[in-house]
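Okay, here's the structure, questions in a sec.
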Amino acid sequence: MTKTLCELAGIVQGTLVGDGSVVLRGAARAEDIQVGEITFAVSQKFLAIVEDSPAAAVIIPRELTSAVKPAIQVDNARLAFAKVLEVFAGSPEYEEGIHPSAVIAPDADIEPGVGVGAGSVVEAGARIARGSHVGALSYVGPGVSIGEGTVLHPRVCILRGTCIGRRVILHSGCVIGSDGFGFVKMQDGSYYKIPQLGKVVIEDDVEIGANVTIDRATTGETRIGRGTKIDNLVHIAHNVTVGQNVAIVALVGVSGSCNIGSGVTLAGQVGIVDHVSIGDNVVVGAKSGVSKSIPRDTYVWGIPARNHAEQKRITAVMHRLPELAKRVQKLEKRLGEGNHGMATHD
Amino acid sequence: MTKTLCELAGIVQGTLVGDGSVVLRGAARAEDIQVGEITFAVSQKFLAIVEDSPAAAVIIPRELTSAVKPAIQVDNARLAFAKVLEVFAGSPEYEEGIHPSAVIAPDADIEPGVGVGAGSVVEAGARIARGSHVGALSYVGPGVSIGEGTVLHPRVCILRGTCIGRRVILHSGCVIGSDGFGFVKMQDGSYYKIPQLGKVVIEDDVEIGANVTIDRATTGETRIGRGTKIDNLVHIAHNVTVGQNVAIVALVGVSGSCNIGSGVTLAGQVGIVDHVSIGDNVVVGAKSGVSKSIPRDTYVWGIPARNHAEQKRITAVMHRLPELAKRVQKLEKRLGEGNHGMATHD
Amino acid sequence: MTKTLCELAGIVQGTLVGDGSVVLRGAARAEDIQVGEITFAVSQKFLAIVEDSPAAAVIIPRELTSAVKPAIQVDNARLAFAKVLEVFAGSPEYEEGIHPSAVIAPDADIEPGVGVGAGSVVEAGARIARGSHVGALSYVGPGVSIGEGTVLHPRVCILRGTCIGRRVILHSGCVIGSDGFGFVKMQDGSYYKIPQLGKVVIEDDVEIGANVTIDRATTGETRIGRGTKIDNLVHIAHNVTVGQNVAIVALVGVSGSCNIGSGVTLAGQVGIVDHVSIGDNVVVGAKSGVSKSIPRDTYVWGIPARNHAEQKRITAVMHRLPELAKRVQKLEKRLGEGNHGMATHD
């Protein structure tokens, strides 16, 4: 597929600067750009790199201009670039219809236009709405409901009773609705399993990464709010509630009954203890350990997680800790001398 | 299904206080409770919340009494609640028999009453004992043995030669018996693979979470002791031995040849270096990094993990570290003045 | 299978010391050794343990001698042991041919001698070279290419367009080619998905652990260099480049667009922020958080990761931090007294 720069300017509703007849055959990040492709730059610095590259054209913010490349000026260069990538990606090639090797329960309710891939299993009472696609070797458990336009990539596992919204994207290997980790510790040290009877609800427009696990509630719901995006290998425990438009980066663990507000960002490898509330728009820095509730609109970091600015000051001093210890020793020595032989420490 | 409070009191062997004829149609945590359901409370504080809820009845410790709700008094309210959840859960609906789409090796030994789900593969020499269930799309490798009453949820993967005990629960996506991460580093920097010929043994009553990985031993066994419970996304390396009734929370990594005692708790995201011994009943706090062996009956925390009380004191001082640095500077300044101009640091 | 010690000495090109007619029926680590088996020892200390064991023979470095066991002296005892394990392991039993339950696209190009396991799915345009094996219930997406002699263990998932080299080993549950975690944050707080059009390239002789996830590039490639070994539950984000002979231990997360040099070691649970370069031969200690680029040939550790020796000094002082705080307080008190009542802190 090819597009002229003029056509792309129309699609992203940008301002064409330069030769609109340039023919583009693809789009790429500046690092990957090849002859005939369009890229983007969000700053003068990146634009300079693009101008030295073989890029055929560039998408830039309205405040920039390129001396050497035909350009499209837009309000949001990243967004326009995403839309240009969509153009070159074309429509995804999901085949409609149920592959003959799929095993579908007689009473599963699969709407017309749904695709079910090879080797998939759809259990009794499952409902899959129009425009959805179930990738190969996926499992859709009893009573699961899947909204319109949702995509299960190959080898997704949705267990009994889970409700999945519309336009949700589930990546390979994720497990939605496994049992929560709930036990009663007995006097003899053994653990007695607490039945996990609740379910998982995934709201509209959520994206869930590869090999993520989301546990069903003990009773009630584990809920992932609308528009939330979850990276790979994240663990969400039972009875957690995640708000809207939350970003959860890879290898995060959220313990049971936590309440994560909307607009929150949890960076990579963060851990949150159970029964904690994270307020709206909180940012938790990478590798932090959250041990208590965090008020909204704060940026925390560290183990345990503290106010980010404070943690930065602590980290800066930690860097000089061996020196600080020596300085204290020197003071003691000096003071010891000044005080005629009083004992010093260490 | 419905039960009277009187019937439930009998099932949990508790003392009925109030109207035993109340009809219950379910059980739920206090947060999720709906009209007609029973819940539990472990303290006066939680009981107060329950009393303001629509709960129809409540399970409480013997030392509590409810002024407003019919109640069952028991020794262990959590345990009685788990048992009431079991009542309302009913028996799990595992179908017996081998689904026609499953692929079973001719010499696999599957006892009567076993269920094998759609699309599963059972390889040569595998033995599956009565009352067990293999979920859809699961893989049971050559020579695997599975004891009585064990449940593989859909999409479990048990590799060659693994021995699984009785009443074990394996959640979706777990991989038992993958190769250990063992290589010889060569002079040219490349890695030469050490064949991994050992196996994994999972003892009775173990539960293993979604997307967990447990590697086979190089030679000998990787062994998970009776009654141990492992949360999601945990990694257990080759030749690890885990004792009985151990609780391992999500995203923990246990390196090769570690020896974990019985009754141990490893909280979320803990990491343990290789060849370390963790004594019986040790508790390792969340996110800790264990770099050396830990004696039994201790509670450790931190990176590196130290005695918990000590780590708490360290963490408390770290909080005041920037202030401490300023105080040292002030002392130096004062002392510098007092000592007629001797150089201060920083 | 049995071998004489003399035969094994020939296979590993070692020097036989003692009775070469000893018949060996297996090999094992010293901890697992049984009568009739051969083991290895890399030091006098381990040799002493072996000499007290039932081992029938021992592989040792050329500088050691065993007083009591027949032995093979070699340059590299670990390597020789790995080769002896190979002997007793025999050839892996991969069946050739396509299992009748596998679903193969008509235009998939599967060379003679390839094995495709039960329930696997191979999509349109996929190419699988001779000597490769696709384990049961695996997914090979559209346009995937797999080089000679590569092994996919059961339940591996390789998504659209991925290129896998020769002699690669992919363990169960790994997902190669899932979408990168790329979004544009909109003014209303929602996330707009950036299409992920790039691919993943896995070079020759790579080994990838169970339930690992490697995301495709936004545009261009995510690339894992020749000979690199990745342990279980590791996450490699989009557009990451990993060099040759890198070792990545379990539960590591590498963020987007990182550049990892050759010969690097990332220990367990390390996290690396995005757009960072790690030089050749860098070692990153367990649980470290790398927040900026690391020059080659360095050993770093900590959160944030620092020079290892420096971090060790910091950790040593941290251990004494509560004491240090008390010493400062004491100095203040003393100095406060000496200066006639000037205010002290805290």
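Going in written order, the chains are labelled A, B and C, and every chain counts its residues from 1.
To be clear about the criterion, a contact is a pair of C-beta atoms (placed from the backbone, for glycine too) under 8 Å apart; a residue touches a chain by one contact, two chains touch by 3 or more.
Remember, it's a predicted structure, so these values are computed and weren't measured experimentally.
Asker: Give the rotation angle, in degrees and rounded to the nearest 5, that superposes the C-alpha atoms of chain A onto those of its identical copy chain B.
Answerer: Value: 120 degrees, nearest 5.
Asker: Same residues or different residues where chain A meets chain C? The copies count as same if more than half of the interface numbers are shared.
Answerer: different
Asker: From the C-alpha centre of chain A to that of chain C, how far is it in Å?
Answerer: 25
Asker: Multi-chain contacts in chain A: which residues touch at least two other chains?
Answerer: Touching at least two other chains: 119, 137, 155, 173, 211, 233, 251, 269, 303, 318, 321, 324, 328, 331, 335.
Asker: Report the residues of chain A in contact with chain C in the complex, numbered from low to high.
Answerer: Residues of chain A touching chain C: 27-29, 31-32, 76, 78-79, 81-82, 85-86, 88-89, 93, 99, 101, 117-119, 136-137, 153-155, 169, 171-173, 205, 207, 209-211, 227, 229, 231-233, 244-245, 247, 249-251, 262-263, 268-269, 286-287, 303, 315, 318-319, 321-322, 324-325, 328, 331-332, 335, 339, 345-346.
Asker: For the complex, give me every residue of chain B touching chain C.
Answerer: The touching residues are 103, 119, 121, 123, 137, 139, 141-142, 155, 157, 159, 173, 175, 178-179, 181, 183-184, 186, 189-195, 197-198, 211, 213, 215, 217-221, 233, 235, 237, 239, 251, 253, 255, 257, 269, 271, 273, 289, 291, 303-304, 306, 310, 313-314, 316-318, 320-321, 323-324, 327-328, 330-331, 334-335, 338.
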